[in-house]
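The structure's right below; bear with me while I get my questions together.
Chain naming follows the written order as A, B, C and D, and within any one chain the residues start at number 1.
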């Protein structure tokens, strides 16, 4: 292999108290491929995504992204991996624009102001850019969270239920956006209950039950 | 790549964000001001109308008022971080956890300092205090004292915000640890009020500064252990 | 000062060495216990026998064998338990600091369990020690509580570590509990000497510590004997509490080996 | 002659004015605290094994 795999999960287990959220999971995802992650609530999807995003780390086993171990190389990997989480990561008292500007500045994005304005336009929040996130609907929060993710131009995008809480137009936009990411060479991991929608966007599928991979299928 | 300038730049952004949030939620700051005023009033009620006693112990009551308010403001500063898991988002941007500590702890110190300055004139009137050694010195000392509260305060608030019964836990953990810097602050403030004929002020301020170095160093090293999930 | 020291019989003189020999024995047993895991099955039992035996004999020595103190009279006898109890508390809390530091440097459930055990036992000995101190202070100084540096520091120390124990109870996730309490343990331990000096300077009231050269050798011997007895008990308590904590941790944190390997690849 | 003897102890109880019961109380307290903790540990150990 000339290029290390985008994701390499080796016998990973994650425990929360007495419960195993992810149990002895092993899989790889080649660079440039998109993975669909399915499973019921509590099957370990979110935990897996959080581990891939370096938000938390395995109790046992190893995760390597682009050949780098997550625990050891977290600082470098966080630059390249972006997570669209169930929690929006937003500061409720800051406006949409201020939330994005904070991220842009912390990442050292050049011309932060212009970049933020362009992204707000892209997710259709320009008219509400000055209202605090507290006043946003669930769908609008999702859009803002996506804009936050796009500030990163990640090599790997981890999307936890990206279609949840979006209206039909929003879902179409999201689909277009995921395609755009894929075409741009970004690896995508997509966790969703909408299996058909997800399958049309991805190349591979991993089904989780009680933290284990079940019935592997392409 | 992640050298010291980057930590300081990150800390500055975190500080800016915290102050911006405080500014956008001014109502909360107002509530805090009235809370500490109420505390100062309660001391004078509890002790009766002995104005001599109040004046003598003014520095102590003043710092107790600030301390009480600090628990609320520290708790609040981490409530905004646990909401929407914003602190996780901050980590993953990525922001160096030490930068988060420096930014938040400094922000908390600034907030407490502003609070103490706003309450100061009322305290002076209420306890009939004269500031003999100059208001500038007092302001500097207040800031040093607030820094001494905010460093361990930020560490402990981060811990308490994720535990059950956090409202009980934060003061329980924090107050005893704060005692040394609080004692030094009270002594030095008292000397500024009463005058400093023996020139003891310098050594108390020096002591307070040393506590600050110790607590900020500990916080800088240990804070990442608290917010990194491994 | 006390010339009657010279009138001890040779029998009594020889007995003054007994506490030191017992102390060496207890320390040796603790050393074997720490460094030889296989010996742990019997070392703690031996320590328990010595500790209980000596503790039973202790009131006998302290209440009747030793003559009353010249100035304090019989009240001074409280010191034979008060002082060693506080020493033991300090030893236990120092151990807590070591365990906390060890945990942060290298995660291990052993150091976490040891931190839990030493803090709890330390608080127990500290609480008894401080209570006895207050009981001694009432007839001696006329008040249960004088705000001198040592008393104040001891009291705050108890509050600090009670907070530590409360924190441990309030966090369910074992990993987080271990890490966070280790951080709190280090903050607390570093704060103790700082606190002591600050309270001392704050009060600027001096009380010089007595040392063996100014005290009758008979009294020193009894003090050492008591300290040895409590040290043996301290070791047994910490070890037993450590076993309880370890067992609880094992229940909380199952090992991944317990899971069958049924990996799958997409 | 200073060797521990119950007679001597009784002598003290008879002679020493005040304070003596007080001192014994302090010793009793220590004993009770240590015993209680030992019993608690013994119980906890029994539950775990």
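Rule of thumb we're sticking to: contacts are C-beta pairs under 8 Å (C-beta built on N, C-alpha and C of every residue); 3 or more make two chains touch, one makes a residue touch a chain.
Quick caveat: nothing in here was measured; it's all calculated off a predicted structure.
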Selected pair, greater C-beta contact count between A-B and A-C: A-B
Inter-centroid spacing, chain D versus chain B (mean Cα positions, whole Å): 47
Centroid distance [mean C-alpha coordinates] between chain D and chain A, Å: 65
Centroid distance [mean C-alpha coordinates] between chain C and chain A, Å: 51
Chain centre separation in whole Å, for chain B relative to chain A (CA means): 37
Of all residues in chain C, the ones touching two or more other chains: 172
In chain B, residues with contacts to at least two other chains: none
Touching two or more other chains - residues of chain D: none
Chain pairs in mutual contact under the definition given at the outset: A-B, A-C, B-C, C-D
Residues on chain C engaged by chain A in the complex (per definition of touch): 172-174, 251-254, 256, 259-266
Residues of chain A that touch chain C when the two form their complex: 11, 13, 15-18, 20, 23-29, 35, 59-61, 204-206, 212-218
Parts of chain C lying in touch with chain D, wherever the complex brings them together: 9, 12, 55, 59-68, 73-75, 77-78, 81-82, 85, 121, 124, 127-128, 131-132, 135-136, 139, 218, 233, 237, 240-241, 243-244, 247-248
Residues of chain C touching chain B in the complex: 104, 156, 159-160, 162-164, 166-167, 170-172, 176, 179-180, 182-184, 186-188, 190-191, 194-195, 197-199, 201-202
Parts of chain A lying in touch with chain B, wherever the complex brings them together: 53-57, 71, 74-76, 78-79, 81-83, 85, 87-94, 98, 102-103, 105-107, 132, 148
